[in-house]
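Have a look at these structures, which come just after this line.
One chain, subunit A, appears in both complexes that follow, with subunit B as partner in the first and subunit C in the second.
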Partner chain A sequence: MVSTEFKVALGCIATRLAVMCLFPSLQQQLDKSVEFSTPVTSFRSLQEGIYLLRNNIQVYNHGVVHHPPILVLFLSLFDSDKLISIIYASLDGLIAYQLTKMTKVFKNLKVQSWLPGLLYAVNPLVLLSCVSRSSIIFTNFAISSSLYCILTEGNVILSSVMISVAGYLSFYPLLLLIPLLGMLKSWRQRMFSVIVSILSLLILLLFSYNMLGGESWSFLTQVYGSIISFQKVFPNLGLWWYFFIEMFDTFIPFFKAVFNIFIAAFITPFTLRYHKQPFYAFILCIGWIVLTKPYPSLGDAGFFFSFLPFFTPLFGYLRYPIISALLFLHAIVLAPIFYHLWVVLGSGNSNFFYAISLVYALALASILVDLNWAMLRIEYDNGVPNFKLKVTQI
Partner chain B sequence: MIGSLAYCILGTLLVGAVAQDTTVPQIGVDDSLWYPYDETLLLKPLPNNDLLLSFTFQLQSEPFDPAVSSHSFDAYEYYTTFPRAIPPLLDSTATRQFHLRFTRGFWDALSWGQLPHGGKQAGASGVELWSLVQAADQEQAFQNWKKLANSLSGLFCSSLNFVDKSRTTFPRRSYASASASPLFNDTENLYLMRASLPNEPICTENLTPFIKLLPTRGHSGLTSLLDGHKLFDSLWNSISLDITTVCTENGDSLCHYEMEAHVDMATHVPSALARNERPIPKPLDGNSLRCDMDKPFDSYQCFPLPDPSETHLKLSQLFSKPIKNGNLFANRPTKICADVDRSTWTAHLSVDDTIYSTHDNCFELSNDQNESGSGYDFILESSDTTQVSPVDPVPIHVGRSLTGNGQDRGGIRTAFHNDNDTPVKLIYFESLPWFVRVYLSSLQITSTTSSHLHEDDIITDKYYLQAADRQRPAHLEFTMLIPAHSDIVMTYQFDKALLQFAEYPPDANHGFEIDAAVITVLSPESEEPVYETRTSTLLLSLSTPDFSMPYNVIILTSTIMGLIFGMLYNLMVKRIVTVDEADKIMLNSGLKYKLLKLKEKLLKTKQTKID
Partner chain C sequence: MALLEKLHRRVVDMGLVPRVIALLPVISTLCALFGFISIAILPMDGQYRRTYISENALMPSQAYSYFRETEWNILRGYRSQIEKTVNMTSTERNNIMGSWLQEFGTKTAIYENDQYGETLYGVMHAPRGDGTEAMVLAIPWFNSEKEFNVGGASLGISLARFFSRWPVWSKNIIVVFSENPHAALRSWVEAYHTSLDLTGGSIEAAVVLDYSSAEDFFEYVEVSYDGLNGELPNLDLVNVAISIIEHEGMKVSLHGLPYDQLGNNDFFSRFKILCLGIRDWALSGVKNPHGNEAFSGWRIQSVTLKAHGHGGHDITTFGRIPEAMFRSINNLLEKFHQSFFFYLLLAPRQFVSISSYLPSAVALSVAFAVSSLNAFINNDYASISLFSKYNLIAVLVWFISMVVSFVISQLFLSVLPAGLLMTISLAVCFLPIALSGKVHISEPLSYRLKNVAFLYFSLVSTSLLMINFAMALLIGTLAFPMTFIKTISIKASAESETSLGSNISIKTEPNDEMQLNEHYKEGISEKNQQRQQLKNLSLLILTNPFISITVFGLLFDDEFQGFDIINKLVSAWIDLKCWSWFVLCIGWLPCWLLILASSFESKSVVIKSKEKQS
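Moving on, here comes the complex of A and B:
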């Protein structure tokens, strides 16, 4: 008798492999689309890193590689294209597996335990992101593993280590350590978790340094510097790119700082405000980072949405789910069209795609705000839904 | 002021004295006083009625002792024919050599064969500069190089001052001819730097200062022919200037500078001559049309004949003026040679209506033969212009183009075509601006002629330096071996980064010029460079933002961010109450309540006043 988790995970892997086999050119197509690939997560940049590493050319001497050294080293071990497909598919399968396992932890959740996993498996955003071989899947896997470790096994060490790994892979998930601390029971555990995270991060960085040999610390600026200071201006669905193209030179450093502070702005407030629902706070933080990060892709959003089925009790309180959903659909349908109009046909200009990135930000924001409201409302009702009651905030 | 006046008067007196003394046979002019200057012109008819004119000028500076710094108290400078502007420039930038190229046009290698001088004097389209600078480290070398470029920019009225870090490369094996040069200081190294401005328009402004560097300054000798209108009207033209430091190895260790300057042009003779007859390009009238009578011909139809194959070409027609004189002061006379097929071509020199010819078609213009001042003229005659002396076949044909559609990504495709019976070994040098984000992993070598091909067999050595944003260009240098009788195609892909809106040039939608690739063909035995050629430059279009939008974008994005922040902040800090409770609270503390209170207060005071 195979357990549900395995079925879900196998289903997930099977769908991905099937799509990869049926549409072999889809990977390159998606890797070129701005929605699924960014300069810091694209597979072709990862391939470039592998190529440079194999040819003994300095990998992080500027250039196009923004992936962390260990990831490049790890993938350079695999020569065959099929093997890499299998790695990506099985990582997604593992995430689906973990989601299913996590569902089982929440005993009073009235959804079928296979539902979140299944939704993850068929979610087109995640599916296409996996097919595009965006390296964001490694970060997602690390975040999901961290949650999995702390929820199902209460394993503080592994959970903290996985947060460090996620931070090592794409920097901003490091902020998720704060909501993770919220999920821990005692201050001793929290101290312990912080120390473990810092230590594991240091080990990862030192290992990377050691691995690159003569290249010293150049990978830090190339991997993290380019993320934090948004060095590679390339269109994406985020708020950053057009703002910094059009910004006046003198103000750029100032606004880069502002945007970075903006990312960190709501992490601690969420953790503190929802300290009774730390898992919820954690997911809100993921959503917030997806909204504000410099190089977002639809793979991030898809990962965030995969956790929404955990909050089915809140759904009754949502004030404008239809509007949020329509805004989001509007954005993801029009984004490729407007991008094509601007870049390929030349019949539209950059403002078209910029407008869509604003709509996308609004859609994510309305989802976040609505979720917040719903949680506040259910707190007010003490967990016993009373939809009739009209409440307001003063 | 007074000094210069005195100088002028003295000058006139001297000239007067010389003019009076014409009968005296060259008193006091010792052979050793003739200056080291050499000028030659080579004319070579090319197929299709084209003509290659190659001017060569060579001169040397006075020897100097490199050990004595020019800043030292005892130092003195002594210039004869060598341009006064150059040595201080070389001295202050510690430059051992520099090579400057101004090139425009298309060299039709398929019909014209090899570039003149083995391609070593022809640059990439636009301006190209490379130099060998002596410095303690790379940073200092770059500073010197920047100074050199700025000075040359002023000297030649070109945009070389735009040469900066993002355009400078340090070639490794290309430009190898520039590598041998002495060191005066063991602790310092020589740095070879190279930059090119592909979108530089080459015009008279660049030619005039160039002529001023030469001792004849356009007044006599071959430089009197050089005229911007004629030179830049050609199909292909190239101006080159090479300055090198040459030192003698033996005991006294004296050095001197050598300057070699070339002006090469390939011109289509019939159209150049037609320009003289009809300066305004009007249509010909019916009588002067050359029609093919074998084909239908009436007042409405005319099938044009090819250009006539007989020609009688005078150099004075081509340049609208004769050669004024010999060079007047050099140790060797001005020389004009014609490289023609002797069966159908003849070359003559005409002086004062007298026509001379020689057995090797080379003529020396002496200084004293031409007394009437009518100048020298050179005449090329041919009964069949299709017969020209054979052109040297090009060792390799290279074509480069951009691939891909869309303004966010693209690729570069370089096709090598080797016609010879032997494989060709070459160095492929390419420098790409930083906003071209190259993926070397996408490098592919394909061939249309052979299916079994290994990348490593074609590219034997690979050097790649990634671009750094706004700091340095991408630098590729491949040693390649192109097999005999084969077509090899090399492709790779790149992304195009967006620039900040102020970094776009005023005509952003025109596109960005990309440097030509430099191909140095090596001799199979000695690995010495035997031929150099450059591909055409490329025009890359980047996607552009809307330049009218900065304020709108700042406002809109900030609004969205403010909106999100505000909504979340409100949710987090405010208290939740039922609507009824809220109404009650508002009744006692809201804005309406306060207004009401205020109104009451005002009314009350009014009431009391009335009372």
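Moving on, here comes the complex of A and C:
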């Protein structure tokens, strides 16, 4: 008898492989869409990096590749296209497996244990993101592994290592170390976790320094510098690009700092406020980063949503779930259409797409705000739901 | 935020929420009504605006037009030659025309397409420009009514000859002679952007000429501008065409309006043009294309000029329209971008912009969203948890109906005849009645199916709003009766117990009244149920995408006979890549299938407290 988590994982892998086989051209189409592919996650630039690496050309001197060196090296080991498909699919399968395992940890959750995994498997956002071979899946996997290690096994070392891997892959997940510390029990463990993460990050960076044809730190500016300073002002679903297109050059550094601080600013407050619900704080932080990061894609949002089934007890408290859901649905349906109107047909302009990316941000924000409210309400009721009580303010 | 909190508190205090929820079906209908009214008042004074040339560089009719009587003889000469070529093969005809074009130094080439025939085109390089931009003068040999376009062809060649003598051009001029204004021209445009060797840069604008009589005189000009898939040319180009035509003293007809109605400009005439405009816009590509449709999709602005009637203006006057238009377009330094891309014309010189007309389709989309909400919360199953089996099954059924619709759309693309499609559609509508008493679904599932269906339809219609407004309005209007289909619930065996004992009431009637005249009521409810079932049946038939669009075509457009429109929808996709067929099949049909599934008899279900959220 195969356990449920294996079934879910296999189902997840099977759907991915089926979609990849049925629609072979889908990968390239999705890789060109701004919703699923950003300059720092696109598979095209990853392939470019692999090509440069194989031909012994400096990978980070051309401003094309923004993927971390170890990832480029790892994928350059695989020649065949099919193998890469299988790697991507199985990573998603692993995430689904971990989600299912994690569900079993929460004993009092009234949800079937296979549900979060299944929802992850059929979630079109994650599915398409996986098919597009966006490298965000590696980050997602690292974050999910970190949660898995700490929740199911209580393995502090591995969990901290995975967080630094996630940070190594796309920088901002490094902030998730803070909510992770909130999940640990004692100060000794926390110190230990911080030291382990820093060490592992250093090892990863040193390893990258030594790799890829000669010792060079150039990857630091290309990989992390480009993310932090938003080097490629490229339309995406985030809040950054339009802002920096419109701005006078002199103000740009200041506002880039502001935007970066904005991302970091809410992480600690979330952790402190919800120190009794550390897992919740962790997920909230993921949502916050998805909302405010410079190069978001739908793969991020899909990953964030896969954790929502863990909070089914809160659903009754949500004040405007219908509005949030409709906003989000409309945003993701209209975004490609407005992009098409702007870039292909020329009958619209950039404001169309920008407006819809604002709607998208509003949807995410309203989901976050609503989740906050729901958690505060359930705290107010001391964990015993009392939906009859009408509270307009806490 | 504080204000919102206060408002929220006030709303809760007044108990408005349950009242509003009870009124949701009415709100939905009101939304739709608002949509219709807001579009019906557009032709009223004060709602529309006068058109104006937005791009200052265009300056239509500012330069004197020289295509006059001196060119008439040349034109007649060409025409007498062309008249002899009616019965020739297209190769022979194109060879003759090609040799004429080469006489004054035009580079010509013939694009050969196995399926759609040959297309001759010539590029005249601009004496003053850098040759990266071009204007196209397209002349189909046979026009949309399959008449030999003898006047158009002779105008085309004599205009080309005339243009070649001018030193003012800063954009290349491309003259195209295609077999017909639809697939042949479209395939040439596609080839121009992909495979042709002889090209003249990016095409800024295209003018299609249609002058099918061999006479020297005509009465008025019809301007067609609807592009494929909801695209319209920039309003500036249409304005330029109209202002030039009127400047030359001719009358402009839009959407096939006959001559005697051209002078009118009152509410009803504007309303008529508005409605015809929406119809033509929605069915553009499906209806007989005029030629300008072929150019949509590559940022090319295009219009078709068609000469109608006998007597009045001479053919060189018609020639002066493309001449002056080309002079205007020639002045452009950028692509057309100044004026509106989304507009509705009410009269040649009057229009409404998107901000005025969009609310109507938005309201329709909202009406569907409200209906979806209604199916979700306005019944006893609102409190079922989000991940209950009913929701999951509903989503699954939606997915299946999507797949089924996709398969149907693909099957009918090539293999199956339209008559069969109609028969199947009609037969399927009777399933709920035929299987009544045999097949049941649970009542919450029925509601959830509706919820998903309307939500999906609302999404489809919202996504069409900007890109193809007329289509969104058309399918929204035609499909709206779907929201009146009610769930038919029959008594479950366990219901009598629950209605007495359980505190979860399932029926709408109060219990005591129910007991008083139970027998009487049962008879009534059965009759009601039958009536409701018949009502559902008629609504289902009415809102089936294929039946509905066919009926619409038969009633409001004299171009279609029988099930013609289905075939034309299919061929519009194959020949022109016009995706109206897929809007019907993948946008509308899944929703209809879901509603069909939800209209099966349903059994009420007692919700266990475990499944409830609270």
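Methods note: the second predicted complex is superposed on the first by the 389 of 394 C-alpha atoms of A that agree within 3 Å, B and C clash if a C-alpha of one lies under 4 Å from a C-alpha of the other, contacts with A are read in each partner's own complex, and residues count from 1 in each chain.
Methods note: contacts are C-beta pairs under 8 Å (C-beta built on N, C-alpha and C of every residue); 3 or more make two chains touch, one makes a residue touch a chain.
Keep in mind that this is a model prediction, so the values were computed, not measured.
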Touched partner set for A:F243, first subunit B, second subunit C, both or neither: first
Contacts of A:G316 with subunit B and subunit C, given as first, second, both or neither: second
Which of subunit B and subunit C A:L199 touches, first, second, both or neither: neither
First (subunit B), second (subunit C), both or neither touched by A:I157: neither
Subunit B versus subunit C as contact partner of A:A18, first or second or both or neither: neither
Residue contacts with subunit A in the superposition, subunit B compared against subunit C: B
Partner chain in contact with A:Y380 - subunit B first, subunit C second, else both or neither: first
Subunit B versus subunit C as contact partner of A:H62, first or second or both or neither: first
Contacts of A:K390 with subunit B and subunit C, given as first, second, both or neither: both
Common interface residues of subunit A - those touching subunit B in one complex and subunit C in the other: 346, 390, 392-393
Residues of subunit B defined as touching subunit A within the complex: 405-409, 437-442, 462, 464-469, 471-472, 474, 493, 495, 497-502, 543-546, 549-550, 553-554, 556-557, 560-561, 563-565, 567-568, 570-572, 574-579, 582, 585-586
Residue ranges of subunit A in contact with subunit C within the complex: 111-112, 115, 309, 312, 315-316, 322, 326, 329-330, 333-334, 337-338, 340-341, 345-348, 352, 385, 387, 390, 392-393
For the subunit C and subunit A complex, residues of the former touching the latter: 5, 8-9, 12, 231-232, 297, 299, 335, 337, 341-342, 369, 373, 376, 385-387, 455, 459, 462-463, 466-467, 613-614
In the complex with subunit B, residue positions of subunit A that touch it: 32, 34, 39, 44-45, 47-48, 50-52, 55, 57-58, 61-64, 231-235, 239, 241-249, 252, 262, 265-266, 269, 273, 291, 342-344, 346, 349-351, 354, 358, 361-362, 365, 368-369, 372-373, 376-377, 379-380, 389-394
